[in-house]
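There are structures below to look over.
The two complexes that follow have chain A in common; it is paired with chain B in the first and with chain C in the second.
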Partner chain A sequence: MHPGAPGGGRQASGGEFQSPALERLVRSLQQLPGLGRKSATRIALHLLANHEDAAQLTTAVDDARRQVTRCGRCGAITESDPCAICTNPGRDASLLCVVASPVDILPFEKAAFFRGRYFVLGRLLSPLDGVRAEDLPFDRLRARIDEDEVREVILALDTSVEGETTALYVQRLLAGRAIHLSRLATGIPVGGALAYTDEATLQRAFQHRTGVEGG
Partner chain B sequence: MRILTARLTGFRNLADGDYEFSPGVNLLIGSNGQGKTNLLEALNFAAFGRSHRGARSEELIRFTDQHLHVSLAVDQASGVRQDHEFGLDREGGRRFRIDGQLVTRRADLVGRLATVFFRPESVELVRDGPEARRRFADQSLASLDSGYLAALMAYQRALRQKGRLLADVRRGARREADAARELAAWNADLAVHAVPIGRRRGEWSSLLAPYADAIYQDLAGSPAPLEFQWRPRLQAFAPARLASATDEELAADILAEFDYIRPMELRRGRPLAGLQFDDFLVRLGERDLRVFGSQGETRTAAISLVLAQSDVVFRQRRVRPVLFLDDIFSELDRERARRLQERSARNHQVFIATARADDVAGWEPDPARRWLVEDGRLTALP
Partner chain C sequence: MHPGAPGGGRQASGGEFQSPALERLVRSLQQLPGLGRKSATRIALHLLANHEDAAQLTTAVDDARRQVTRCGRCGAITESDPCAICTNPGRDASLLCVVASPVDILPFEKAAFFRGRYFVLGRLLSPLDGVRAEDLPFDRLRARIDEDEVREVILALDTSVEGETTALYVQRLLAGRAIHLSRLATGIPVGGALAYTDEATLQRAFQHRTGVEGG
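The block that comes next holds the complex of A and B.
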């Protein structure tokens, strides 16, 4: 092999630790989203050198796994089911904001201008990833709309094509019902994810949400 | 727009170091495989944040290196200096800077460094299938307008999703009844993105056409005009309808076409209507050059179309793009080659790469520089 052939260089900076235990730790850190070999190694070495940090991390992971659950009504991440937003009588149950992921609730709550409740779809339609309409909680969404006598549904999905199409699907799903359906107006960058949108942009998008016809 | 200097490190086989170019004509002469195209690729990369020949970032990094870095000093038309910089590494890291400012979205690169690239394959633009002409249109439009690229990427993604859904139904993985509403939603999304793409393809082709004809006349002289027309497959984009309808009306028309063809799509398991079937007609008088053009005619027409992009850029932005002409003279007769040289040197900075010194022998443009390209190194020729 040519000493500098593609891939050759990557080996040079890689290589394995002599300790299989450390190697396992690095590998399992590497499994985490967004962590490459380099950062995984840095974190592993840090944890080995700082026992307290390591212990804290272990406890935090255990606690979170035990206590965190999903709200059965809206799908938010919570420690009490139903969640505080769903049980708060001060929030307008007839106003429902549909989001893709529980993380997408956070910017709305942080900006604190929305007085309604949420519904988390969990995923977006994507045949390429094997996500079908049957895999999304549309039955629960309809039931929720009926039970709470929802008047207005705001579709706050990403501007990715999967987000757009899922919104179009919900529009069709709810067509013919006496509810006002709206989508967040532009302002969220194309291809942008909701959770990374700043508050000002979000509020502007919210105020300028556009009504859409079901159909 | 003119690239005054370049500093290269780790780019393919090109020698690391500083390169200084003529603001006029730059001739790169060298045998096959010496690095001529590599240099054009390095200089053009900053324009789109990608290789003109579709190479992956990894392939651009010298075999023996871990990363590459390129910085260009560019003279904008107004005499304003702009520094373009990019770095790529083997881990997939990419960094672009303009005047030291980090540019994170590819869309924000669009239009900052205007270039027109003629690749050896471009000569087949007229004789190749419709796909080559669509790619030409898409690249040209994307370089003029970052909104086009965004719409096109969304359309293509939605099209792949719809294709998978249809295939799933066809092979029995999904029930048609379950998939129907989903299909309608994908169609609606496709229709929405198709409208701006269609409008711009139409505007762009009618803008480009007269410039291409003028260049063709200049290079070849022909009693019949060169015509270039967008031939959309969707009925909604028929010229009369396109001119009078609103975006919403067009999207509704397109959706109706999708609905009409749906049973057939379900049977075949793939999309059968849309922008992905567009073509562009290239005609000399009454004669369709795609089918009935001679070698020389189709090549001259292809060159005219590519160069006409410079006029479109100039018209929209009042700057002349940098021209990269890679092996453009092959199989042009002497007279056409000479006229092409004169024409491209006018108003432009141009980089011309050729393996045959003969092609440019006796041509003495001013200002100009000539180099021999050998094993990734440039040696100035008298």
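The block that comes next holds the complex of A and C.
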């Protein structure tokens, strides 16, 4: 019989299938971030009912695991090491944008206004979670700054406690050097409604208020 | 370099990775029900960072596709055809619970009060979506009822327009036969708050109100 699973949009409300293989698939999917039992069941039934999607998924996982690597210079996700950004002579090597995760590079590249290069820390300092300075690639960051004669380091980190801690650490790390250190501005998002702005953001936006011409 | 993707819990906000293989993986994941670009990216990075989860997932997909089948008698998901419920002599073959999807069997089996057998329609009649009677296994349902000398058919279908249409069709199909046809009761769920019950449910619960002893 065709193992298709009609009603793939429906969700299980408890109980186990009469198939250990299907239960194993559901449990494998449940280990992925953001998937609970219900979404995992829905996806598992979809994969059983759609040969092509299932084949495409397993091939894509295998291909990605074989081909995707990290740039040895900046830490970006790439298939060629060093990556296309690090080797692009049109990018200004003296401008270095420091981000926490390779994913953080994407919105910059999409907006396409930044013509410098990146450095991925991989994680943020978090003393509470046991993430200490020696767990972050600060030695490589320093080496990179020296090699590329970086003039400005732009910290593009979360405005969380971990982000602040990491920013402070980099500030100390570069203290005394002739390098301009900057951070992304904190404030009200473009198009953001003032009435719905949280207190912390409002306070920061007020502290960092900018002069208006003629004002 | 290790292709791990730290910050797997973070989400992409636009832009593409510098890796076609990773983009293909994200797009494969996006084809699965309930996954948008952000969740797909999160899962893709998790799979790149966690060798074991990725290997387990591809193996589980392949195994499930090889081992999982559908019971030729009832349509349940199973690895042996006929399934364990259809072959269990302890289950009353004269009680047949008709459901839309194999997933609908799970809550019954979990609750473990029903000792009859099942029949999976696979889908519900939906004239608007072009799902007609000939698309549903009504011939097999009739044959099953005859073979097993079914006394009672319990319709456990959604209380949607499609569920009602299908119920009405089965009712006509079995008209004139000495079979008791029943449907699951519609009403206020156990623990459900009256104040938050929708109008349709409330009206049904009122219409189907039951006598109280001494009342």
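By our rule, the second predicted complex is superposed on the first by the 174 of 215 C-alpha atoms of A that agree within 3 Å, B and C clash if a C-alpha of one lies under 4 Å from a C-alpha of the other, contacts with A are read in each partner's own complex, and residues count from 1 in each chain.
Note that a residue touches a chain if its C-beta (ideal position, glycine included) is under 8 Å from a C-beta of that chain, and two chains touch if they have at least 3 such contacts.
Quick caveat, the model's predicted, so the values are computed rather than measured.
Put simply, more of the residues of chain A are touched by C, taking chain B and chain C as the two choices. Contact with chain C, but none with chain B, is seen for A:R65 once the two complexes are overlaid on the shared chain. Contacts of A:A84 after superposition on the shared chain: chain C is touched, whereas chain B is not. Once chain A of one complex is fitted onto chain A of the other, the partner contacts of A:S19 are limited to chain C, with no touch recorded for chain B. By the document's definition of touching, neither partner reaches A:A49: not chain B, not chain C. Of the two partner chains placed around the shared chain by superposition, neither chain B nor chain C is touched by A:A178. Residues 2-6, 8-10, 13 of chain A lie in contact with chain B in one complex and with chain C in the other. Those residues of chain C that touch chain A in the shared complex are 1-22, 24-25, 27-29, 31-35, 39, 41-48, 51, 53-54, 56-58, 60-72, 76-79, 81, 83-85, 100-111, 122-123. Within the complex formed with chain B, the chain A residues making contact are 2-6, 8-10, 13, 36, 38, 125-128, 132-134, 160-162, 164-166, 168-169, 172-173, 190-191. Across the interface of their complex, chain A is touched by residues 58-59, 62-66, 90-91, 150, 153-154, 157-158, 160-162, 164-165, 168, 174, 178-179, 181-182, 184-186, 188-189, 192-193 of chain B.
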